[in-house]
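Presented below are the structures under discussion, each in the form of structure tokens.
Next come two complexes, and both contain chain A; in the first it sits with chain B, in the second with chain C.
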Partner chain A sequence: MKLPGTPYKNEDFKAGKIPYVEDKPDARYQFSVGIAMSRFLEELRKGKIIGIKCIHCGRVYVPPRTFCSYCFKPTSKWVYVKDTGIVNTAVVSYIAADRGRMDKPLVVAVIELDGASPGMGILHKLGNVDPEDVTSRKIFGKRVRAVWKPEEERTGSITDILYFEPVEED
Partner chain B sequence: MSSDVYIIGIGATKFSPSTPEFSFKELMYEAAVKAYNDAGIDPRKDLDVMVTAAEDYWEGISIFDEYVPDQLGAVLKPVFTVSGDGLWGVAHAHMLINTGQFDVVAVEAHSKASDIVDIQSIWRMALDPYIHRPLVDNVHVFAGLEMNIFMESLDVDRDAVSLVVSKNMGNALGNPLAPYGADVDPDMVNESEVVSYPLRSMDISKYSDGAVVAVLASRKVVEDLGVDAPRILGIGWVSGSSYIEEWDFAAPEFVWRAGQLAYSMANINDPYDSIDVAFIDDRYSFRELQSIYTLGLDNGYSLNELVYNGVTYPDGDLPVNPFGGYLGCGYPLVAGGLQKLYNAVMYMRSGGGDVETALVMTRMEYPSPSAAVAILGW
Partner chain C sequence: MARMNINFKNRVAVIGAGLTLFRRRMYETSRELAWEAAKQALDSAGLTLNDIDAVVFGSAPDAFDGIHMQGEHMTDAAGGYMKPYTRVYVGGGTGVFTAIAGWWHVASGLFDRVLVVAEEKMSPVRPHPQFVFHHIFDPVMDKPLGVNLIWIFALEMARYMYKYNIKKEDIALVSVKNKRNALDHPAAQVAAEITVDDVLNSETLVWPVQRLDISPVSDGAAAIVLCNEEYAKQYTDTPVWIEGVGWSLDTTYWTNRDLAFPKYLYYAGKMAYKMAGIDNPRKEIDVAEVYDPFDYKELHHMEGLQLARKGEAPILTREGVTQRDGDLPINPSGGLLGVGNPIAAAGLMKVAEIFWQLRKEAGKRQVAKDPVTGLAQAWGDLMQIGTVVIMRV
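This part shows the complex of A and B:
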């Protein structure tokens, strides 16, 4: 079927058939991570996950923040949480950043960590998971644990955890 | 249009050349806690709407408005962001309260300029990609164009402009939140490095990091709290053309019109007689004089006389930027207007009732230049 409109190809631009101006943005930043996130990232380097507790309402936030989103008091009590938890929600992504189709889909999940308050969790990748378990939603509520990079390769980054994988349950 | 909106609280962090120890969220939280405490309200119970002002490229985060509720006490509340300076946010909050639907609206703006590796590259991306970016790499060129014709048209001396720098950096010495206070001789300004003639390096405000939150409220809230809060007598903003070639370089009409909107709302016919103190744009030194002239605050003085006679000094008839302006406090990007509002409120509170009316004004660019003006009174 012939569609309406004028088809363009990259070659048409390169050939000068279509007027355009090319420019390359130069936007570079060095984000200050601040008090709470600095500690979180440093603990990841050590293979630990740290949260913070609001003494006022008792919520334990992971990742930590210096304020309570719900009662607006300052948070102050650092607490380590486990690197295990349950899958709150998950998705199978087939589209890469360049809009191309990925050969191997990426499974991304929100994980409620053991020791954090209900509903508090971190976003990360899931590994060793059958995408069918995500599309069928069997993965919801499943226990998972972090798979860490070797200690010498950690840099104080969220990627110091490679992914979370299912834990065999009794 | 009448105005029955009050500033019941305001809070600010220190302004600093850099803040590597804090995230932008932590800066915002500090300013918000101070503002709500100053207002005597609990945002989780009392806040109706949160307005923030931000531009994505200053943040380095797309869709930045999604990053603001938690640290401002605004989770599960109506929140929106004005793409511009915080004083434009105040204008939006003012309108919201005037609808009668909301009683307490807070406004936030901040700067993390120090997180930007090359700030001129961000300014450059604001320029027209077809006809300006290929020509100009540094936006101070436009300030130079403006300054040159302004000084020629209004017969302004170089020394008068340099005295603005000297005055404002000196005024900042008494401001504990200001990082750039200094005892500067006008000759130092005259001999500083030429950036785009006649603009010299000391004519340009340095950047600063910081955050400000203002809490606006209806008369009902002010009466319930039983507080004496400054009222926004008038407020307005106006944009010029986005074609830089068509700017009114010497005496910008958009500034005059923004002033007229605010004056009209505040029933002010003679600005010089009515305004006790002015906190106005001085991102570039000459802009302070240009704004005085364009807003009708010159009282018939020549701008040289105005400076040489000390009219705009802290003990003059019309103190201008008495807490240091951008030259002394630093230019905190889109938090500039709220920085000036904060200084105005502090000045009015410290005046023991003698300061009846304050004018707050700042500008934004590029490519459209625009100005916002607010008049505060008791």
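This part shows the complex of A and C:
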């Protein structure tokens, strides 16, 4: 069975064999971060991580949100969680957001913060972790702590935390 | 198991299917590709567009084709001119969801004959589609960290491997199997005879994800024709019935999910099984096309669909159970890893494969057992939706 379609190669494109037009949309956005995340970012600037509790089911959400996905009722109680947590999963990135190779591999993880409900992880980078500790899965289940930017450099962003690093445990 | 207490007026049959080639770059526009697949599906059913009452079209993020509101752009090409026409979209889950939407058009009794078309053209994005994937992430929590698409898959794959102590070698077997299966598929883009070592030695993008763990970037289109029982009996001696459909979404807060087990798919499968009266999926499903943009996802999805117990899918794979001549053939087409991944079209290609398998028209790809019940599944949005169709002859 022969199916329809005419493939071409990128080289054909470069050689001018493929007629084309070009478009470069310049879409720019300003997102209001909203009610729940405004407070979250404000607390990050102070060096604290805040979650929010649903008083109906008791879940503590991080990042915070104004409603509970399960109860579909408003979440109403702000609660600070710790800046330590457990590594749920971790990987070693060799490529950047644009698919280019990174000079130095980056370790990123989902971290379940202490004080949040089980499974409520956040994405962040890990520092002072050897890629070998990831591929050997040694880092999985280990406790890590946030390393913060100096206070005067914080802007109210998730990047006010530079990365999480392993907590020395005996 | 009792059938689901769901009211639908008509049984729905698939009576035709069409495909274009899947390739990294196609000279045809998205419209030209969609028309080719739609026309072929109509021809194979022995129908013309005049016979069609309504059209359902699916494609994934507009950012790939580069035309905002891709649905309207595709109206004429999908056969929707002056007809009730709907575009559906659930990211990577779109291909199978397009079939589900087509199903409810007919099952509801609103329409008798429906054309279902899915198309994707990813090649226009320069220099690489990865650029637009960046914009699916949360701009407050994720984007400032420089997130790329592979991170989220790698994090899920690593959690799955950690939780069930799964070896990379066993996951790589999926890529080996699917690329080999695709050697017999006329649309295939990246069919190949490769070894586990080839996968393990390929470029590491984000450990544990390596180059040969991933399906390619593709252009392509697929289409099927659906109709009610009355017309099915008139048009064909070999209708394939859609007996169950299901879909379900997990939270968009992806770092709050269970990354080791795809719950969204468990619920989607449960809905479809209940509708189809299936108690024991592992025994009652004869052949399945599960969504495999990454090799580990075939395993993850088998478990979510209860085709394997938690952590058991790699073992079944190692034992050859999922090969075409095995007891539970998975992705006999070659899947996304072998045939290619023009997102929405790849999902509908899976529905088409089950259609051909159940009609025993799959040629060299035909599974060894005599299949009566098949399943097609896709996955998408922010890695959170499962879409499932169960078909029977």
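In this text, the second predicted complex is superposed on the first by the 152 of 170 C-alpha atoms of A that agree within 3 Å, B and C clash if a C-alpha of one lies under 4 Å from a C-alpha of the other, contacts with A are read in each partner's own complex, and residues count from 1 in each chain.
One rule holds in what follows: contacts are C-beta pairs under 8 Å (C-beta built on N, C-alpha and C of every residue); 3 or more make two chains touch, one makes a residue touch a chain.
Since the structure is predicted, the reported quantities are computational estimates derived from the model, not experimental observations.
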Tell me which partner A:Ala90 touches in the superposition: chain B (first), chain C (second), both or neither.
second
Is A:Phe31 touching the first partner chain B, the second partner chain C, both, or neither of them?
both
Regarding the shared-chain residue A:Lys2, is it in contact with chain B (first), chain C (second), both, or neither?
second
A:Val110 contacts which: chain B (first), chain C (second), both, neither?
second
Between chain B and chain C, whom does A:Leu41 touch in the aligned arrangement: first, second, both, or neither?
second
Examine A:Leu123 and indicate which partner it touches, taking first as chain B and second as chain C; both and neither are also allowed.
second
Between chain B and chain C, which makes contact with more of the residues in chain A?
C
On chain A, what residues does chain B touch that chain C touches as well?
23, 25, 29, 31, 33, 37, 65, 69
Chain B touches which residues of chain A in the complex?
21, 23, 25-37, 65-67, 69-72, 74
Would you pull the chain A residues touching chain C in the complex into a rising list?
1-10, 13, 18, 23, 25, 29, 31, 33, 37, 41, 61, 63, 65, 69, 88-99, 108-110, 119-125, 131, 134-135, 137, 140, 157-159
Residue numbers on chain C that touch chain A, as the complex places them:
19-21, 23-28, 33, 36-37, 40, 66, 128, 130-131, 134, 139-142, 144-148, 150-151, 154-156, 158-159, 161-162, 186-187, 204-209, 219-220, 251, 253, 255-259, 363
Residues on chain B engaged by chain A in the complex (per definition of touch)
19-26, 29, 33, 36, 42-44, 57, 60, 69-71, 73, 75, 112, 114-118, 121-122, 124-125, 129-130, 133-134
